[in-house]
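The next part holds the structures, each set out as structure tokens.
Shared between the two complexes below is chain A, which pairs with chain B and chain C, respectively.
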Partner chain A sequence: MAFDVRLRINDKVATIELKGELDASTAGEFHETVGKAAGAGAVELVIRAEQLGYLSSAGLRSLVFARQKMGDGVRIAVVGASEPVARTIRLAGFDHSIDLVDA
Partner chain B sequence: MAQTKVLILDERRDVPPGLAKALDAVGAETHTCTPGDVLAASPGRMPAVTALLAHATLSPHTVRSVARRLADEGQQPTVVAYADRDLHLLDGHVRAGSDYLIPPFHPVLVEARLRDCHQHAELNRNMEEVAAHAELLSYERELEIGREIQLGFLPDALPSPDDWHIRVRFRPARTVAGDFYDVFELVNRRRLALVVADVCDKGVGAALFMALIRSLLRHTAEQSGLQNLIAADLMGEEPGWAEHTRAIPVVGATPLLNAVVGTNSYLTRNHIKQGYFATMFFGVLDPVTGNLVYINGGHNPPVLVSGSGAPPVLLQPTGPAVGVMPDCTFSLGYAQISPGDTLFIYTDGVTEARSETGRFFGEDLLLEQLTDAAGRGEELLDHMDGALSEFVGQAEQSDDITMMAVHWRAPAKTAD
Partner chain C sequence: MTFDFTTAEALRTAEASRPAGAAEAAGVAKAPGCGRTNALRIPASVESLEPVSAFVLGLGDRAGLTESSLYRLRLAADELATNIVMHGYRGEPGEITVDGGIDPDEVWVRFQDDAPAFDPRQGMRAPQLDVPLEERPIGGLGVFLAFTAVDTFEYELVAGRNVSTLVMRRPTAD
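On to the complex of A and B.
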């Protein structure tokens, strides 16, 4: 599945929908979208990951950037991640700074 | 000579009949445009030409803009100004470096001028190719130097305590790598540090952080080793046989904790903005007892493969990846390696290796292959290598691959 990232902002809640694989070749695009969400003053970032097939270490790194860019006060949730994606996030211990929901 | 392709530039798309006839006579392919046509053309729409014939009534500035626009498309036509009457209009063009054509437009003379243009354009193109190639070569050479320097951050040789077999496979996906491994002696050679780590992402950035993280880990561990030995002695412990009976090895735990916690706080203090982190397994082994104390910082769980047929044991994370969270806790994990056992430590390049159809090698297949493998040291790595390349087939290796096998040879009588 080709990578696709979509951003919606509703009532200061930014929702980014990810499809395909988040890796070194696609992290830049995701990163830009997070920048837009932060620029719009979102107070919560919801990452819909139901259709995300793979998260590489470069993808994990882009979650670190998301955390930094949004600021500490912003809740970041990854929703509906598949078992391998959730496992990658948990393994690195990132489930402490990012909420894994319905994973 | 290949067919000459000519772009004639004129505000009225008008070509003097004598010139048109001469061009036709020498078999040149001509296109006639206004400067506006060229400047407004979308990329890739302009024909490739070797000569740009500009009417002398155009300003040299306009002609230069058109030439620059063609250069953006990778074309280097020679500019030739022509006039049919007012020869003084050529002055500005000739001063600006253009060639010129004046009537009568005799075919042999026009052909000779176009041949010069063609050769000139060819030469320019060759020069550009040579320059681009030279630039590429110099990048490649720099990368190659980077690779050699990076190899210096890996151990020259692996220590081999009695009855232990330690072997490594290290295969970067690119010239430089984010993976690394290290094996070194600690606490007056009574302990062995075993490190396998993976800096996130790949390429040059990961390679630079690899050098930093490896140095911080090793330096800190080596520096705190001696203090720890002294501390143990002051506590009245007799190093050596007393530890055989102790379930939890303490010697070696201090350098281990100092190294990982110190590296984490250094990275989060100084480099947090860059967003690089490493997952790592850092174990400290007592080769005499087989006691292993370790920190697994967000790394793929190493597998302890039993020599006696017991199910494999996974050494799960005891803390997060190193370098992102400033005040996190790293706990110590403990494991007991027995004679005949093998500890297999690897990076995600193994489990995330992909087949031609995009499937991942995965942990299940890894465990299956590890338990199936007959050999334990080098042979185990050979077996895993074989399993991996069979799985991957013709697909390209996308991530660094590191595998370390730490095997304690069973005593000769049980091996027989």
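On to the complex of A and C.
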């Protein structure tokens, strides 16, 4: 099951585009990318999840890592998550710290 | 990595050659009422998560689960398998047996492993919503997701084997 992660940084806004399935076997790649975004001094992190077909707790862990690495003032948004992916994020209570947009 | 797809009969034969306890463990969950039972024997590693997902998705699809139920059953199975690999065997080599079946009103997936006795539900923690995300303990989240995803999540220790069974109700035909 394919997984792809891309990072773009424009004007201190980091955008990570996720495709495929984010589970324990692919979370390492996402985690690294989150680390790069944080290291680049981004003031906002936008995660495009329109093409993310699956998210497990291993992927949620990287969202916690993102929240820890980036300062309090940094907005983290997950955009366009499918219904089950958004449900998982809400069930974990992450929607208090991360904006779910168009989900 | 080898995958061992067997029919229920072949599995029973294989179990019969094991110590009595293991054979008993295989009979813990209810016998499938209809349909065939498939099984998967895999090494306890993250590389095995994909075949576990494929197995569960195939089973749930044949059971006619709704898209949402199918997603949740797969999530629960994935989290449980991940838990066995990471916390059960703790990175040590081991094996996980996964089987499943389709009954008239439900589909079940069962995990058996020989890691030290460990009830995954005891490690479960509901998210502490009042604690900021960056300060929250992350452990137990996967099992919490698994537990809330399926209709039933049972654990038994049978002759030293960990046996966890996930059950999802099938849509009723009306």
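One rule holds in what follows: the second predicted complex is superposed on the first by the 102 of 103 C-alpha atoms of A that agree within 3 Å, B and C clash if a C-alpha of one lies under 4 Å from a C-alpha of the other, contacts with A are read in each partner's own complex, and residues count from 1 in each chain.
Here, a contact is a pair of C-beta atoms (placed from the backbone, for glycine too) under 8 Å apart; a residue touches a chain by one contact, two chains touch by 3 or more.
In this text the structure is predicted, and so the values were computed from the model without any measurement.
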item	value
Clash-or-fit label for the pair chain B, chain C on chain A	clash
Chain touching more of chain A, residue-wise (chain B, chain C)	C
Touching partner for A:Leu7 - first (chain B), second (chain C), both, neither	neither
Partner chain(s) touched by A:Ala58 [first = chain B, second = chain C, both, neither]	both
Partner chain(s) touched by A:Leu100 [first = chain B, second = chain C, both, neither]	neither
Partner chain in contact with A:Pro84 - chain B first, chain C second, else both or neither	both
Which of chain B and chain C A:Ala38 touches, first, second, both or neither	neither
Superposition clash, chain B versus chain C, among 98-106, 242-250 or 386-394	386-394
Those residues of chain A which chain B touches in one complex and chain C touches in the other	24, 54, 56-58, 60-61, 64, 68, 84, 91-94, 96-97
Chain B contact footprint on chain A (complex, rising order)	24, 27, 54, 56-58, 60-61, 64-65, 68, 84, 91-94, 96-97
Interfacial residue positions of chain B with respect to chain A in the complex	178, 198, 200-203, 272-273, 275-277, 279, 297-300, 317, 319-321, 324-325, 328, 348, 352, 360, 399
Residue ranges of chain A in contact with chain C within the complex	1, 21, 23-25, 54, 56-58, 60-61, 63-64, 67-68, 83-84, 88, 91-94, 96-98
Of all residues in chain C, those that touch chain A in their complex	46-47, 49-50, 53, 68, 71-72, 74-75, 78-79, 82, 85-86, 127-129, 132-134, 136, 138, 141-142, 144-145, 148
